[in-house]
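Each of the next two complexes has chain A plus one other chain: chain B in the first, chain C in the second.
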Partner chain A sequence: MRPDTHDTAARNSGAQASAALEVAVLVSVGRHPVTGRARRADQDARGVELALALSEARVTLLHAGSLDEESESAMRGYLGMGLPALTLVEQPPGADVVPALADTLSDAQPQLVIAGERAEQGEGSGMLPYLLAERLGWPLVSGLAAVEKVENGVATLLQALPRGQRRRLQVRLPAIVSVDAAAAAARQSAFGPARRGEIEVQPAAVEWDEAQAEWSVAPARKRPKRLKIVKAASARDRFKAAAAKAEGAGGQVLTDVTPEQGAEAILKLLKEEGVLR
Partner chain B sequence: MSEIIRRDPRKEWIARNRLHPDHLSVLAELGEGSSAATEWMGPNGVVRRNPHAVGFIGPNGIKRIDRSGVQQGGHAATGTAEAKDSRRQVTIDDPAFLVAVVPDLPGGRLSSHDRDLLGLARQLADADGERPGAVLAVIFGSTNGEGFSEAGIDRLIALDGDDFDGYAPEARLAALAAVDGEFSPRHWLLPDSKLGGAELGRRLAARLRERPATGVWQLERDDACALGWRCTARGAAGTTDIQRTLPRIVLALAECAEPVSETRHAVQALALSQSLPPLLGRIDDLGQVAVDPAGVALAEAEFILSAGNGVKEWEGFHQAAKVLGATEGASRVAVDDGYMPRDRQVGATGTWVTARVYVAVGISGAIQHLQGIQSCEKVVAINLDPGCDMIKRADLAVIGDSASILASLVEMVQRLREERRDAA
Partner chain C sequence: MLDTLLPILIFSALALAVIGAVRRVRLWRQGRPAKVALLRGLAAMPRRYLVDLHHVVARDKVMSNTHVATAGGFVAAAVLMILVHGLGFANPVLGGLLLAASALMFVGSLFVARRRRNPPARLSKGPWMRLPKSLMAFSLSVFLITLPTVGILPDGTGSVILALALSAVLVWGLGEMFFGMTWGGPMKHAFAGALHLAFHRRPERFGEGNRSTGLKALNLEDTKAPLGVETPSDFTWNQLLGFDACVQCGRCEAVCPAFAAGQPLNPKKLIQDMVVGMAGGSDAAYAGSPYPGKPVGEHAGSPHGPIVAREGKALVDAETLWSCTTCRACVEECPMMIEHVDAIVDMRRFLTLEHGNTPNKGAEVLDNLIATDNPGGFDPGSRMHWAADLNLPLMRDLGQVDVLLWLGDGVFDMRNQRTLRALVKVLRAAGVDFAVLGNEERDSGDVARRLGDEATFQSLAKRNIATLSQYRFQRIVTCDPHSFHVLGNEYGELGGHYAVSHHSTYIAELYEAGRLHFAPWKGGSVTYHDPCYLGRYNGEYEAPRNVLKALGIDVAEMQRSGFRSRCCGGGGGAPITDIPGKQRIPDMRMNDVKETGAELVAVGCPQCTAMLEGVVDATAEVRDIAELVADALVERPASSGSTRAPQPAAEEVTP
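Showing the complex of A and B:
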């Protein structure tokens, strides 16, 4: 979470171990939900932020796609976060980027690969980190909120769970992690560094994604709201279902009990539900 | 012979004549044993009703009709029992294929998302009436099995063990791969949810080298497709709809289908023939981290301790929330009186909460407040007034002084924690 809180001894040993901590962040071209313009994808930008927060890490940005005006502006958005260069693995639209990315990663051998959860364009299935992990044989941790520390080839991670909960995990490197929306928000992209940053184009073999051509894609329709179907036999039940207040199914009521007995019953329920820690 | 309806004109006449001395006994005879027949089969096969026999005479001598069937004694009781058992029992002995479902089971119970998914699985399994498939549920961890039969599960593989506890995606994936190898289900359905289904489904798809459909929310038959189905899935972070043939692995959104409601199914246990090989886990789960409950947004908090007008000792309440690790909520009155900040207000004008456990302390339950806690699973009420609406909503209600109950609850929890610390 806060890399600057390491004591000096840990930092020194960390310097030896993590001087070579290579972090690759996979970034994609996002799409603004309202205007539809290309932008830096929100979750990928959070991933870059996560990498920049790591102490003594060498961060490289990796994008697979084509270089045109729109995607360049999005990539410069990432460069504007304070990185000198971005590697572009050149792939035409409609190509399967997983083989090219897997080849690039197995050549570069980064210790940690950070990716967003899913793309904001195209299929957006969120399969990419899983496919890469399966191909490279690396462990994968999804839904990351923070990287606490990296020591001796083991990373301690904080995973975001639903309902604002967190879980601490340890994973052996090299590993692939995907970033949750609960991770720290990305810093603003600055214009100057974005202009100065270099985009290094790297050619790669192309494999076409053939299945995608058979799909028909349309703007998302609003999903029909589920109707409340009341299967009641009598008119009274139907009326009650439509008009009455919500009632539990006959809860237990404890009257004339001492506070201790009442508290005990509540404690039993809390234990059953597993909300006490 | 027995199918011919024979009429007895004299008895019918008596049944029509309410003033006849034998009227009630004849009615009972025609109604086959019930005290007063309200319905019987007429001579032409038409059902006849006696509206005068409906209802009962109330304490003030006025006739009352209660259609809920609660107060009509024995006859009514059998009626409600029938309503409960009216679901058709379905047993599929020799299924043509299997539809595997891996529910999330948050807290060991089927969530509404899981039920929707099982409804979708039933849709796939029952499409061909001649050769129905069976729904196979693969569950991890311990559960009481409640509601599985009504949710539409035919076969069940329960995998229980320390390996699957906590965050163990690799062990779970290995188990699912073993299930796939042994039973080779035609479809794999997983919830596309943050609770683990989304991750496990994607891992499974990568392992089985299948291209999954993610974010599926609609399904329709199409015989031109390989599996006979076509689906609509959300793509590009929910901004596009993709129409595609249904692949083998499907990650479906909530409300993708109607849950099963009319049938109950045999939850027949299956087991893997071979035990799973030991796995060298590369991910260690160090357990959940204590988060500051006050920092959790009220709308997504899991455990809420909420205060209302009945709370007089606010220090004790805050102390209880701290010890229990609960997020604090409040009713409108408590907020208006300045005891709690506005962003803690629960209800129609405040936050709609989704807690698993909601403890209402001294809240009588205005309709606006009850609306706000509609989606809470368990509601506990502590109140002085046994007749208030919150008690009717609550799963557990304790009538008594809230301050002393909270104080003893705090004491018990602290004692429990100390015992645990001593044991460890």
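Showing the complex of A and C:
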């Protein structure tokens, strides 16, 4: 993965990879923020939209979980975007879905795996794409805005950064990418294709999530927010302050350093921030 | 010579007409099957034609008389001509009647010709411009060849050349009247129109005071049944027949609010496009007003090809279908009883349920309806927040009341909350035993259905019906005509049968019963805007006017009021799909208000209130009838003794 500094010639060459691109989208059962009803998860649906927008891609949908009324309505929500089938990797509640998904993916060998940044219910830790990438040994790009092209096994991606900035990246496939609200909004889910779409249940080995049993789960409380004190003098500053995402003031950019130096710097930062002790 | 020539001409024209009829019937039969009582329909047809159809035609007296003379003269002349000249019953009595019939028809065709001299924009030109000449050719030539039969002229008058010339004119007339009737000329409207009346999709709409306005449900249980209409052949055969009956008079075009606003819809063109699709081909031959902003000749279709393409052009563009406000003005005006709104919603159903392509905010609204049971995406638990201080009795607590007050989604709208508070005040002043569903109420499904999402409509409707079935009440009262229409006319097919009243109807009854007393009106002049879903959909034109009269208001009627009321632009999901035009529909309506000089426009619908209040620089204030009534309320005369508790709910609560 390296930032792509030179640009337009490559973009204009335009042609997609000749062979069909195998894309797997990981979809979860979402939860409506107001009523808590099961639905297609917003970020995952954006992931499906991203996949459908790729020309010559063969898209498969993958959901790890169990089949019940709620999950079916959510899965049909994804099917309604115009896909003929969805693969359900059967996993009971309380199972760790990472091994099952990793097995399925390494069997299916898709070139690109798309996932939402974070599930709308359950743990919602946002760790799943990272754990999968670690287990499969594939590169991961987070916060994707668009896939620009795929050529010769290399994808050119546009990653979203705060304040509408974009970074162009190239990544060798297979890779996992995750999308958040920066990606294009999902298309409407239509009743007809949703009803026709098939849910192919695929049994899989179950590994229980041992750690979860030790946790205690409580309803989330609203977290206190740090007050944003705006000391702006001009309209432009006020706009910047209003539009800003949380951003560290300090930080440093390291260039031309050895991996060891880089790792040292990261370790030092993590200790400073109290993440590692 | 004519004696041998005439039977040949007449019977070959008839034979060609029969062949044409068979071809035409086969075009209609491309449509899906429909349950139609064929014989009963045919038996009812003359009455439907003479009473129901002519009731609409007679709104234009000159045209009505013209049509009676021309069509009546033609039918009589055609039958008599077959007898006299075709079969040779050449007696003076029949001949005399034939002379009279053709003379009557000739007089009628003169009036047709006069109307065609400077035709209004709504009339189609093209082949329709030759129709008066064809009518004259037929009536005049029949008249002349009949003169010898009755002995006014001796046999063999004139030369062979004259006879041949006369025959040529007759051939023209026969060609238009018989051949053209079934092969697609202007006279097609007579053949298709008669059968359309017989096999109409809504036979229940015929007869004095009857109406049939509820959309028909899709069968969602059957997974093979198509979801709406994709191709012309997906319409039922009697819908296709109905399209073919169109006489292109353009009355629909003249009343369509979307057409007037410059949005890309013209109901007449839409029906003609369906005919083009049914027969296959392009719309280039269409000779009327186009869809605003869309030149004729760029669209084409076929019976089994898509009506709306996913990309590019097909028969009709999607925005044409989404421009409709479902106000039914076109259906109300159509002398051929064509059901435009049914067809539009059928096609919208396919776009939403199969393409997943509801424009602009459509998808968001439908998602909200699915997730939160209201179009705005509000917390369904916050439905009663507006009435936190009103202590409204809940159905869940009472179980049985006289009146179930259906609040509608206006509960989330601060403007409509004022109307609702006023209505509650009125009901309490009259001592009505009422209750509300509170958080158990859901959107009625009106918007979802009109946006084509039949699945969400049926889901909402079934859950509402299940909720309502737990409670006992005499009737439902609502201040939302859309809920009124859906609850009263569309839930029946899904198993929910209720007596539903609009609040104006109920207030009028309360006043009649002496349960409400009003202070005399002190404001300025007032006009009244008929909501489409109250008036044209449910025939309630009187009650709101009676209430205003009871308030002491003398309504200054707008030119377009009653069944001709112009839509506010808020129906059919039109504000959600928001197809651009040259001007806004509510602006045009507020101009209508301005013309009356009224300072206040009374309305009876939350949609109308929102649309009309959204007009900038309006000359009139917009108030709901409930608000006007609530403002005018006075204590009942002391003698009648007010013993009724204002809030019966408090005592009747059961654990």
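Basically, the second predicted complex is superposed on the first by the 205 of 277 C-alpha atoms of A that agree within 3 Å, B and C clash if a C-alpha of one lies under 4 Å from a C-alpha of the other, contacts with A are read in each partner's own complex, and residues count from 1 in each chain.
Quick note on the criterion: a contact is a pair of C-beta atoms (placed from the backbone, for glycine too) under 8 Å apart; a residue touches a chain by one contact, two chains touch by 3 or more.
Source: prediction; values computed, not measured.
In the superposed model, A:Gly124 lies in contact with chain B only, and not with chain C. The partner of chain A that touches more of its residues, comparing chain B with chain C, is B.
Touch criterion met: A:Arg187 reaches chain C, while chain B stays clear of it. Within the superposed three-chain model, A:Arg195 lies in touch with chain C and out of touch with chain B [touch as defined at top]. Look at A:Arg58: by the touch rule set out above, it reaches neither chain B nor chain C.
Contacts of A:Arg37 after superposition on the shared chain: chain C is touched, whereas chain B is not.
Annotation: chain A has no residue touching chain B in one complex and chain C in the other. Chain A meets chain B in the complex at residues 31, 33, 118-127, 130-131, 133-134, 139-143, 156, 158-159, 161-172, 175, 211, 214-221, 223, 226, 229, 231, 233-237, 245-248, 251-260, 262-267, 269-270, 273-277. By the touch criterion given at the top, residues 67-69, 83, 107, 166-167, 169-170, 194-195, 198-199, 202-203, 205-207, 211-215, 217, 234-245, 255, 258, 261, 282-291, 295-297, 300-303, 324-326, 356-357, 359, 367, 370-371, 374, 377-380, 382, 386, 389, 391-401, 404-409, 411-413, 416 of chain B touch chain A in their complex.
For chain A in complex with chain C, the residues that touch the partner chain are 32, 34-35, 37, 39, 80-82, 187-193, 195-196. Listed in rising order, the residues of chain C touching chain A in the complex are 223, 227, 352-358, 362-363, 366-367, 370-372, 377-380, 453-455.
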